[in-house]
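Each in structure tokens, the structures are laid out below.
Same chain, two partners: chain A is paired with chain B first, then with chain C.
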Partner chain A sequence: MHESPITGNGDVVKARQAVRVLAQEARLSLVDQTKLVTAASELARNTLSYGGGGTMRASIVTRGTSTGVKVVFSDQGPGIPDLDLALTDGWSSGRGMGLGLSGARRLADEFTLDSAPGKGTTVSVLKWAR
Partner chain B sequence: MTNVGESDRLVGLLTQGREEFTGKWVRGVTSTLAGRLTAAEVQQDLNELYTALVEALRNGGVATRNEAYGEVRSLLTELSRNRARQGFSPTETAFSVLALKDVLEPALADGADVKAYLQLARVLDDLGLYTIEVHAKTREEIISAQAEQLLELSTPVVKLWDGVVGVPLVGTLDSARTQVVMEKLLQSLLDLNATHAIVDITGVPAVDTQVAQHLLKTVVAARMMGAECVISGIRPQIAQTIVALGIEFGDITTKATLADALRHALDRIEERGPVEIGGLL
Partner chain C sequence: MSERVPILKIGDVLLVSIQIDLEDQMVMDLQEDLSQRIVDTGARGVVIDISALEIVDSFVGRMLASIAAISRVLGAETVVVGMRPAVAMTLVELGLSLGGVRTALNLEQGIGELRRSRRNGSVPR
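Our next item is the complex of A and B:
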């Protein structure tokens, strides 16, 4: 279990590196490593820029005979009022491409998004080794 | 200035004992610097400082914010900046000032001297803190200057061919790096009279939406200067990730390797060459 704060740009870089290490440990293929690292990078930056900072928890998980890496980001920020809108390709409340959240969902094997106004946001991505 | 009178005694003490005090002060400071500065160098700094300090006490009392301390401050600024550049620690630097306290303590004769000493101790504490402040600021300046240099070094723009410049990107692309890359690329397009630019991302470990956005901006800027821009070094795992993310590079030419990109640029130059000459004639 790896836990680290996401409170600055340097933390986003560190988060990516930590996820990369776990993905290698769990023997994800190079493509899957890159996909998970990229998804984590998107979510870490959202946590920072929209959630006002938060934490990342990353761990190796097993289910039956499968091994994977799960990464969870949580913040106590303003939350997302409209989840469907936030998950729409190309929609951004800022000046981004609006592809981070929806892209992370496509990059992961399993994706959860839990958010409500005033309640903060928790997003998780999971990638299985195959 | 009510405290000018109170410091008269201090000025008298320091003027009288000048030889003895400065001698001990220089020896004390030199010994802590472990040979990294000679006694002569330390002596010059501290003698000047001693003179300025006595002057300041005479004219401004113990109020170190008083403008009478202007000279003392500028000497301390210079001393701290030099020490920071030479790699001395903030503690070592502040000690140069604070060591004067140790020198004066044994010279105390009676109760009145003790009061004078305590006043001077407060002055020296103030000045010691000031040296730490300047030292920290100088070190910050040095660090950011070095980071800037590194930023430039890690993103060199190279001339690959007549009319073709290349930018090999390595590592994490943040906003600051991208800004530098973009400026350097645009400047070299101009300086080298180049018509083609190749941005190679073989050394970039992951391309997320932020990196992609930075890349796209760079390409657009190069185009505005009339250059064609190719992105090369897109490895298979990066290509698949970009597609899954949903990023579209639009009509931007991408190539697997730098060699492919260069070949493409040269083909384009050959195609375009006669047309351009025709236009000029």
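Our next item is the complex of A and C:
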């Protein structure tokens, strides 16, 4: 289990590197590593820009004979009032392109989003080795 | 002060080779530095080599698109070269197709692209 704070721009780079190491350890293919690291990068930036900072927890998970990497971002920020809207391509409450959440969901094999106004946001992505 | 990405000048082409995993601030600085260098040098072309980049997320993708747009306004054509196949597959799935950005497989082809478009006069000044 790798846990790291996401409180500054440098932490987005560190988060990417930590996820890369785990993805290699879990023997994800190069393309899947790239997809997972990219998804993590999007979510780390969201945690920073919209959640006001938070933490990333990344770990290798197994289910049956499958091995994968799960990355969970959580913050205590304002939360997301409308989850469906937030997952719409091109919709952004900030200055981004609105691809962060929807893109991360497409890049991952499994995706969860848990958020409510005033309750912060927890979002996870999981990628299995094939 | 944060590290900055070097910009090299070869004739009337500016070459940016991104060799490290970029922090967001470096990405913003690069956009600013490059715009200034285009104006200072009167460059007609910009080549951005991303062959060392292991990922391009939406932030960096947007930066590449806006650098291409800004340089065009300043009279220079931009070509992004060296994108790794895994990066290309990920970018498209992410939802970024970099529609407004010219790309080439490598530096040599990128410079060739610029020469060709120069001959066809696609960036009149």
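Going forward, the second predicted complex is superposed on the first by the 130 of 130 C-alpha atoms of A that agree within 3 Å, B and C clash if a C-alpha of one lies under 4 Å from a C-alpha of the other, contacts with A are read in each partner's own complex, and residues count from 1 in each chain.
Following the convention adopted for this analysis, a residue touches a chain if its C-beta (ideal position, glycine included) is under 8 Å from a C-beta of that chain, and two chains touch if they have at least 3 such contacts.
Values in this document were obtained by computation on a predicted structure and should not be read as measured data.
Once the two complexes are overlaid on the shared chain, A:S102 sits against chain B and chain C alike.
By the touch criterion defined above, A:K127 reaches neither chain B nor chain C.
Applying the stated contact rule after C-alpha superposition, one finds that A:L30 touches each of chain B and chain C. In the superposed pair of complexes, A:K70 makes contact with neither chain B nor chain C. For the contact definition in use here, the residues of chain A common to its chain B contact set and its chain C contact set are 9, 13, 16, 20, 30-31, 33-35, 37-38, 41-42, 45, 89, 96-97, 99-100, 102-103, 106-107.
Across the interface of their complex, chain B is touched by residues 9, 13, 16, 20, 30-31, 33-35, 37-38, 41-42, 45, 89, 96-97, 99-100, 102-103, 106-107 of chain A. Against chain A, the residues of chain C that register as touching in their complex are 21-25, 54-59, 62, 84-87, 89-90, 93-96.
Those residues of chain A that touch chain C in the shared complex are 9-10, 12-13, 16-17, 20, 30-31, 33-35, 37-38, 41-42, 45, 89, 96-97, 99-100, 102-103, 106-107.
Looking at the complex, you find that chain B touches chain A at residues 172, 174, 205-210, 212-213, 236-238, 240-241, 244-247.
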